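Next come two complexes, and both contain chain A; in the first it sits with chain B, in the second with chain C.
After this line comes the complex of A and B, so read on.
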């Protein structure tokens, strides 16, 4: 009895300090890292994690012993042929012009109010700090913050998926990478913890008429293929956006990519900027906490 | 003469039946391979068929000719009945494939050894 009382006192003190609103998230993050490191440690575990993958493929095309930081490479962390193609593609990165264009937007755009992006974002190395939970606004993604800045200064919001939005985010990401910034998602209130919990639930729920969850493909399914395409792990997913996709022949944001996966699940895509999308992104980003910002990047 | 006649009828009926089955198998295979229909190849290897895949999310399909038709039908209609944690979509329950289409797919699966 006494022990329980002490435990609950300790619990409530921590609660009052607000020190552990991220407790659940932190537990989830560590469990996810452990899961993926174990899954890709050794082909000895393959029967459990890759029950249907042909043996030759596991022998010949997989790299093993993958550590936490490497998962930001997505499927290129373990897929040897994919990795070789990826390195070739990155010799002449197709997103250099986008970073330049984003820098122009950041430095030269003048709003109707007379202000500029510099007034909203004095430091451009902020790609790892979003999404943020902001009281009264809920979860705000980097795209959301950019659009809030535009609207508050009398401008029209941008398309969240591509174009100028992707260019400006590319500049923010490149600057963050240059400065060695990490993904740094904060959960410091009860409301933020609740938003995180909803995002997590969305990620693990079966969606669309195909009844697949994001986790079917990017947790259990990571490392397996749909058709010829290896599915990448959730861990590291947000680190390298915006991404230049060969399929798009253009740069796109995380929201744009999630829209594509929504369609693959047979679900009507959720709107970028919607509460659903923002909270899902909040959960996804927290899972990558501590990993280096590594965008923009290139994907098939 | 009468006997001969009967035999001819029997042969003719059997021939139409197998023609119909062949068409059904063909139709089922098409559903299996087509992205907007079953898209089964996205997850399953069959006979080493390669159409931009096959994927490795589901098992290689083999020896299905030994399965009762009903079991195959049920697997496609709603895999959760036999495996509540299945990553396979419930193609009948969710209305992606009609009863007729599932029967065609079953006919195709029955040819897989």
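After this line comes the complex of A and C, so read on.
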């Protein structure tokens, strides 16, 4: 009896400790949701959150009262004209062929080892489960997991930004969306919590010759306009990748997009697959925990 | 013994790294990178000293497609050849490109970029939390 009591006490402590590893991340996520819901709640707040946006624009082109789940649409959650164009483009999605190509890669690629992607990823509906913290490997993004699978089977890793990598991720995302999967990022160890904290610090640190942080544009700046484009909110960012960007005229991964942001900030872009990039993605993905996987999608 | 030597070298490298960062923080960019007062060689020397640390920390500046290491490399060449203009070569999307700048301007830019990249690391230590909703950022 004594042994059972001790075992259950030890078990409870371990469980409680385990549950606490994501405490900081959960607090951050809830605060971020509260911030964005308040920011886009009512045009009465506009003077506070959008001091440089013309009144007419706020009245005519903004949707208000946006709730958590809608942020998966990025700036199209609040931007009326942008949303109309987006819906029109989605009538004939330009990424359909990419999903097909990804499906073929998943089903038909045979590695030198005789194995295939199906051996590494028996269930393709996994887009919402990455990045993951894996002991001994650190944070592994979906692209990292795909490349690990290739390398472990004697193949060369793929370019993390586009091409086959984006196609296979498009198939994973589309399958996840069909099955109603949600972003489900897990922080279940001290090391994972530390990786999250580093990613968070990177997101909020000002960098480059323009001295901008990611948050300058996508937290405080979200909803404000740069030239003719509204900046999208961090909340929901990872849900729709890979994306077909009109600027690229092709499908690209989250890593490709972050590299573009690094360049815009005025710094040498971080390499996809680097610790910095993986941990930033880990933080970003956790912020969207619980939102439905909505990729692939179109963005300008 | 080998392990002790390796540990000492690693410690030395870490210490050197921290020292460069601390040294950069104390510099007045306007004064140190002033070409008229200090001369081209000295200014590009400052850039050469601090930029590798910026690369190591993943904070090297890049402007108009040109990384600061490229500003430094080609400005040094121009200074050596006593050219008034520095032709900075760089790659963009796999293509070879170049841009021309007055040498003194390129040296000033390389110097300020190298130092400011490191100073910003220190500044961010104190400011990043101010942008986190629910933490330093009240809404």
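Couple of notes before you dig in:
The rule is simple: the second predicted complex is superposed on the first by the 283 of 300 C-alpha atoms of A that agree within 3 Å, B and C clash if a C-alpha of one lies under 4 Å from a C-alpha of the other, contacts with A are read in each partner's own complex, and residues count from 1 in each chain.
Here, a contact is a pair of C-beta atoms (placed from the backbone, for glycine too) under 8 Å apart; a residue touches a chain by one contact, two chains touch by 3 or more.
Everything quoted here is computed from the prediction, not taken from an experiment.
Looking at the superposition, the partner that touches the larger set of chain A residues, chain B or chain C, turns out to be C. When both complexes are overlaid on chain A, the residue A:298 reaches neither chain B nor chain C. In the superposed model, A:226 lies in contact with chain B only, and not with chain C. In the superposition on chain A, no contact is made by A:193 with either chain B or chain C. In the superposition on chain A, A:34 contacts chain C only, with no contact to chain B. Of the two partner chains placed by superposition, A:120 touches none, neither chain B nor chain C. When the two structures are aligned on the shared chain, A:52 is found in touch with chain B, with no touch to chain C.
In the superposition on chain A, A:261 contacts neither chain B nor chain C.
Of the two partner chains placed by the overlay, only chain C lies in contact with A:207; chain B stays clear of it.
Common to the chain B-facing and chain C-facing surfaces of chain A are residues 209, 211, 216, 220, 266.
Within the complex formed with chain A, the residues of chain C that make contact are 55, 58-63, 67-68, 113, 116-117, 120, 123-124, 127-129, 131-135, 137, 139.
The part of chain B that touches chain A in the complex is made up of residues 41-43, 45, 52-60, 87, 89-90, 94-96. Taken in their complex, chain A has these residues touching chain B: 50-54, 57, 209-212, 216-217, 220-221, 224-229, 231, 266. Contact residues on chain A toward chain C in their complex (touch as defined above): 27-28, 30-32, 34-35, 38-39, 200-201, 204-209, 211, 213, 215-216, 219-220, 263, 266-270, 274, 276.
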